[in-house]
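Got some structures for you, see below.
You will see chain A twice below: alongside chain B first, and alongside chain C after that.
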Partner chain A sequence: MSELHPLLSISDLSVEFRTRSGTVRALEKVSLDVGRGETVALVGESGSGKSVTAYALLGLLDPAARITSGHIMFGGADLRGLGERALEEMRGREVSLISQNPRGALNPIRPVGKQLADVLLRHASIARTQVQQRVVEMLAKVGIPDPARRAAAYPFELSGGMCQRVTIALALACSPSLLIADEPTTGLDVTTQAVVMDLLAELAGASRMATILITHDLALAGEYADRIVVMHAGHVVESAPTAELFARPRHPYTAKLIAATPKPDTRLADLAAIPGNLPDVRRADLPHCRYSARCERREARCEAPLPLVAVGQSHMVACWQPL
Partner chain B sequence: MNAALRHLRYVLGENLVTLAAFALFVVLVAVAVLGPWIEPHDPLATDAMHALTPPSAAHWFGTDAVGRDILSRIIAATRLDLGIAFAAVVLSFAIGALAGLAAGYFGGWTERVVGRAADTIMAFPLFVLAMGIVAALGNTTPNIVYATAIINMPLYARVARTEASVLRQAGFVEAARLGGNSEARILLAQVLPNTMPLLAVQMSLTMGYAILNAAGLSFIGLGISPPTPEWGIMVAEGASNIISGEWWVALFPGLALMLAVFCFNLLGDGLRDLIDPRRRT
Partner chain C sequence: MTEPVLDVRGLTRRFPVKREGHLPWQRSRASWLHAVDGVDFAIAPGETVGLVGESGCGKSTLVRLVSRLLDPSSGRIGFAGTEIGGIPAANFARMPQRASIQMVFQDAGESLNPRFTAARAIADPLRRLTRLRGADLDARVREAAGLAGLPDELLGRFPHQLSGGQKARVGIARAVAVEPRLLILDEPTAALDVSVQVVILQLLDDLKRRLGMSYLFVSHDLNVVRLLCDRVLVMYLGKIVESGPVDTVFDSPAHPYTKALVAAIPSLEQRGVKRLRLSGEPRSPIDPDPGTCRFYGRCPRSQSNCATEMPELRRLGDGRAVACHYPEIIACVQAAPAATAA
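And now, the complex of A and B:
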């Protein structure tokens, strides 16, 4: 693995779902780079393809889904060419995932310490005698008080925030080089959200782990991500360093998203709603720009195939007439 | 281990019915294990001089038509009846539950094959099916075990299939997959343990069915052959004596049979409370 290549490089990834009501083109030509130690936020509405991107890269797409084109280069190898065994080795060790439902992600009838031990024994080369000690260390590291005693607790005995800490410990147990956090704070109350995000940021920084933060919360992404990738209906519409994206959004959709995000000094009435809904991605006659139906700046040349324009250093936008 | 014992004590203290069933279970197992050492008489020794004597100090449960001590025969039969039932339950659990889990978890053709097989077995009147199997294979103890196991298998397959088809969507199963575990490993290490509380209830109930089934087969002459002591045969042998007033010949083995089935039926819920950690609150 050379430092020259990004840790993860997804290029032109397209994914289709075969459903009874037609083929859903869930992702179309999605490209995404994540460097070592970098935190990249995938932002978009529900159904915009954020999670599909993550599951495609883990090789865990639904059986109805098919990758129709593109490459997923991770650490120099194309994951699409790997067999199931190699993928199993990779999952949990190189790439791991934190889900939005921490309680559901834990086996309800197994003490959390045992579950952590399972992961360590599966992937880390560690002696059986040292596992218990490592488990307690891991639980302490994610800020669980009295970790030695909590290791024997069942998930239902812990609060939602504590469960999320346990799933973070599970995800980080084998020091992966990439962590996918799929809406990690959705199921938590607001005060816990900040604590969990700070913990994630701290642990990621300490081990130079790259993070893909999947969220619909642009404010959260703005706070924690180095770079933000905005998705809309299976397209990447804009990708830019966080500060630049907020200072100068170039895609009309990004601008609308930012306007729809509350700030301390805005009142609820000032927030702008984005008109319309995601287009029906089953349609065969989808326009090249899937945002065009909702766009106020639409004009004739928007019918042509989308360009991906570099409007600044590492600032890309898929629009004919960026702001 | 200590925690498990404390939990056992808690569950038993909480629920008197479970406590009674558990006590009965301990007695049954003790009798089955200690059988030969606690029988007051030889269960096979006939004594024409003391045929059909009513319960007395020498023969607590009386003697049968050829003078064999009924208490000793009941004790000797415990090991055989429980043994057959236990072997059958283990066999039907091992095959039925695994097939059901795989069916529910993988879906597709696995589910169709297992589902149809279970439906086919369930389509028969189960006791008649067991009779047919024993009649076709010959009435030996292993064949009684197989017949009993086969008629119980669909029950496990159905419970396991339903549970697994729900659990395969569960977050922790997904998490295990994300953690790089193979499907077989997830099925055995994540899904199976989560179905155990329900399957344990099923095991306890089918243990009762299995005892009844084994005794029933012997009762109609298709199971264990005389003179081997077995509850079903003893009831059958004693049935003709009831009219002439010797009620004890059929009553006591019948009572033993009833208590054993009763015990396992009551044990089910308690067993679930023991196994499911979510009940430890």
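And now, the complex of A and C:
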């Protein structure tokens, strides 16, 4: 990060969920920065805490969750100290979210154009008479053919790819400075995925909007992100510029993840599985390195608390003996 | 060539859809949704054939037809020399061939009975399709579980007590227990993380070799198809538009749709490179014009005759078939002999 103050700076964020079977320590001392205009991918297996990080920053965590420590600095203010009113003002205007299931994110009984108008009227200072025109412009911008007619369509009348374009239009309605895309293309076909990702990259580039791309697909992160943050069981284990991460992964987990991802030129025998499972994060006696039980390089030192340390230009890793 | 395990000719399935008239006194008109339209393909013993295409292209209908869970409108399904397309799906469950064609479903968590233990889930098809009972049945269940890499101590567990990978193993054990000759895998790893996906793919590859099964492997992940399959079928709106050896098809796709599909695979190497993207939506599968190429309108290479003449699936030299008037035969394929001579 070359800039003095990154747009978003999460430091030492810990989140717990109280459940009937014990306290789940979903995030522990998570730190990450996102600069203006930067696309950062959060990758990891399911249950690694990618989405919890995003929802914590939006102030949309489940009531059973509690932020136990840390700061979420966004544009110079700590979001943790903000009241619900101020958060509401911020969401949609400054930070917006594209969720996994586009049809679920849209109101099924309201035409998509009306839903876009709602966002504009709520957050943007725009005259009522100009709303309809802006709605059509925005639908056109996300590549919806015949936008004037489609504005009157209900979500069920549109395909999955079209619905995702509508949610993108909704998210970008007020030109936010940060967009959180939570698995924006799961459930879409590969051809549609490519078109939607290209569109997001193009729109983000045009307005210098920062993007947090949450995905389990390392190849997708590799193609679209500037930087990749790898998460494992509620910890950030590595963070590096994309090309560097693929060329020289330093954390054993990152290396295993890359080795397990099928690529066009790999053979089945070359792919290596990651032994073991994510640890049970309800355990009270979790080791400091939550990957240690799965790690082949584990030694006595791994018991000690480990910080995220710099191993290169904006390359951080949390491991006592990185590769 | 030896006799194929599966030989499908002209397989078609249409579903009636009612199109209401716009005004109350107008009569509704019967229309047909062409889910699978005149599909031909064969699977040889021990072969793995991949099936790819967008959602709504008819993959699932084709799978349900071949696995005999659905009756075809017309066409033939030859299985090991016997015609099975004419047997009503309701009766097929009691036919001896039922054991020979088995399926592994998409989401193992959803397709297992939540009130059955792993052992009971695996024993269920054995009880229905074989005469094994008592100790013999138990032994066979353990053997199948062992093949799928499921430890004995997990056999007493219910689906909610198993991890995603373990549930996938139960689904596989249940399918291979009755010793099928053809295993149909419908996105078997779609719900799994990459770390677990690798293990399941390697297990499937190993099982195929050990048990001599043929696979029909449905997936939207082209990199996975490439890893596991010998040949691939590319489907678009009910028709096969391209088929051939996986490496040939993915390295030099001849059909413009295949080309777009391959161009859509995300990869680090392709970062920032402008690639082929499909615009628009697929044509409607309801009462499609039999004289128009299904890809017309989205195809970047279409000419006027694409709208008046449906391209037939025709063979190219390299073991491939393509349904396009203007297939892209990459220069290097043709120039290859010259290059080696020089």
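What we mean here is this: the second predicted complex is superposed on the first by the 318 of 323 C-alpha atoms of A that agree within 3 Å, B and C clash if a C-alpha of one lies under 4 Å from a C-alpha of the other, contacts with A are read in each partner's own complex, and residues count from 1 in each chain.
Note that contacts are C-beta pairs under 8 Å (C-beta built on N, C-alpha and C of every residue); 3 or more make two chains touch, one makes a residue touch a chain.
On a predicted model such as this, the values are computed, not experimentally measured, just so you know.
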First, second, both or neither for A:L268, with chain B first and chain C second | second
Could you tell me if A:K256 is touching chain B, chain C, both of them or neither one (first, second, both, neither)?
-> second
Partner chain(s) touched by A:D12 [first = chain B, second = chain C, both, neither] = neither
State whether A:S99 touches chain B only (first), chain C only (second), both chains, or neither.
-> first
Now for A:N107: first (chain B), second (chain C), both, or neither, which partner does it touch?
-> first
Please indicate which partner A:Y154 is in contact with in the superposed arrangement: first for chain B, second for chain C, both, or neither.
-> first
Any idea whether chain B or chain C touches more of chain A?
-> C
Check the residue A:P145 against both partner chains and state whether it touches chain B (first), chain C (second), both, or neither.
-> second
For chain A, give the residues common to its interface with chain B and its interface with chain C.
-> none
The answer for chain C against chain A in the complex is residues 54-55, 163, 193-199, 201-202, 205, 220-224, 226-228, 250, 260-261, 263-268, 270-271, 275, 277-281
Could you pull out which chain A residues touch chain C in their complex?
-> 45-46, 145, 159-162, 189-195, 197-198, 216-220, 222-224, 242-243, 246, 256-257, 260-264, 266-269, 271-274, 277
Counting only contacts in the complex, chain A reaches chain B at residues 58, 60, 87-93, 96-97, 99, 101, 103-111, 118-119, 122-123, 154, 156, 167, 170
The answer for chain B against chain A in the complex is residues 170-172, 174-182, 189-190, 193-194, 196-197, 276-278, 280
